[in-house]
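Let me begin by handing over the structure; questions about it come next.
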């Protein structure tokens, strides 16, 4: 099964345990207002369609690890994984 | 009878039982915030009309299986089927 | 008497009894959130005027049978008929 | 005294008694949600000014009888007449 | 002292007593929803600046007598006069 | 220390006592709805950046005395002075 | 670990103690409505993407000391530092 997010959405595999192991030191305090989460992008939408019908692609790609707002998007369990479909506007930053 | 959705709307036959049988493992937890649903597109609107009168078509076609927000759109019973007319902006992803 | 709706509005003769007789099977459940209604378009506005003064016409014509949101627009009794003046954005689909 | 409405506004002489005498059958039920009223346009604004400074005129003229939303605009008594200054967006239709 | 209103604002000297003496018959009922007032424009802003940096002037000039919404803008006492700085969008009509 | 306001913001030194001494007669009543204040501009942002990347400058300069809304912007004490960083849209007029 | 903020966001290291030591006199009163904070930019997003796909860069760079609204953005602890990811629109001014 493959997800093709619409427009400016991406699908993210939520990986909260990734926080301390791989990223080396990032700690999201429980008191953080918007409860940011960390995950890995598994599917990227084509981008928005402008008023001439031209598609403007997203500045994101499969494999990007991102910080996003917990309250954005919708969460699913797909084949045992925790997946979120979320809008570009709810992604705060890419972690490199 | 045939439905021709207006502008950026599509008509979807809601198929919740499709979730576990055909899609192989997608499970939508009862606790999901926006209660996503799965269905099959049975009619597609022409798309939005831009300010010059040009129509920008939708990136969706009849037969596409999609995840959409339960709270978007309006639901009807048509010839015994559960049909929803929904805006492009309430469709999260195409399932391939 | 003739109505000429302004801009992107249309006038619809509300025909709820049309639902089961002519349309062959469409049933709008009482529990439908937006209480969709069925009617026939009796007058169509010219469309919106863009920022250059050009009029972009509506994708609707007199005689079209449409599903629309009960809560959209304003209802009148005109010459014994139940008429609604409604915006394009409150029309969900054309029934063919 | 003459009123020159600004931008996309018009001045309307409210004529509710016109409903049954001249228009032949239009009855606005007391239960109508937006309380539509009938009146005659006595002054028309120049229209909106676009971003290049060009004025896009209104599709309305003095003498047009219109249906409009009771809750739109502001009402005055001018020289014994009941006058309303109202935006284009609150006018539903021209009656011909 | 001279006021130069910014962008699409104007300064108005509020002259409520002008209503019955000069304008010949205009009476604003106490029950009017938006409490319209009458005044004379004493200063006019340059107009809005479009996205190319071009200024689109206002269709108003010093000396224009206008009807405006009581609840729009801010009121000052300047050199013994009652002055209001108000946006173009709160001015309903010019009185000629 | 120097402040460089972002985009369409300016920095203002709030000078309420300037009201009666220099401006000759302007009195802001305590009952004024938006509590306008008077001050002197000490720093001006570059202006907004349009969609082509071109910067559209502000119609304001250092030294301009302005009336602005008390409730707009954020106030700081900087080197003993009362400074406000405020958006162009909260400035009502320049006092000349 | 490196953060690449998305679109018009920046990452800021919050440095409240910087207020009195380095900036020479700026004092943010506890009563300030939006609780402004001071920090140093450690990462800058690419800017917004316009409707032709062209990226319009931000007028900010790494090392800029800025005043920003406490209530804007999301706060993290990263490698022992207090980091905020914030939108351009929540940054009030650069301190030079």
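Order of writing sets the labels: A, B, C, D, E, F and G. Residues in every chain begin at 1.
Here is the rule we go by: a residue touches a chain if its C-beta (ideal position, glycine included) is under 8 Å from a C-beta of that chain, and two chains touch if they have at least 3 such contacts.
The structure displayed is predicted, hence computed values, not measured ones.
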If we look at subunit A and subunit G, which chains touch each of them? none
If you walk from chain to touching chain, how few steps can bring you from subunit C to subunit E? 2
Count the smallest number of chain-to-chain hops linking subunit B with subunit D, moving only between touching chains. 2
Indicate whether more than half of the residue numbers at the subunit B-subunit C interface occur in both copies; give same if so and different if not. different
Please report how many Å separate the Cα centroid of subunit B from that of subunit G, as a whole number. 40
When centres are defined as mean Cα positions, the distance from subunit E to subunit F in whole Å is 22
Touching two or more other chains in subunit B are residues 51
If each chain is a dot and touching chains are joined, what shape do you get: line, ring, star, complete or other? ring
Neighbour-by-neighbour ring order, given that subunit D leads and subunit E comes next: D, E, F, G, A, B, C
Quick one: in the complex, what on subunit F touches subunit G? 1-7, 9, 11, 43, 45-46, 49, 51-53, 74-80, 85
Can you check the complex and tell me which residues of subunit C touch subunit B? 23-29, 32-34, 36, 50-51, 54, 56-57, 59-60, 67, 69, 88, 91-96
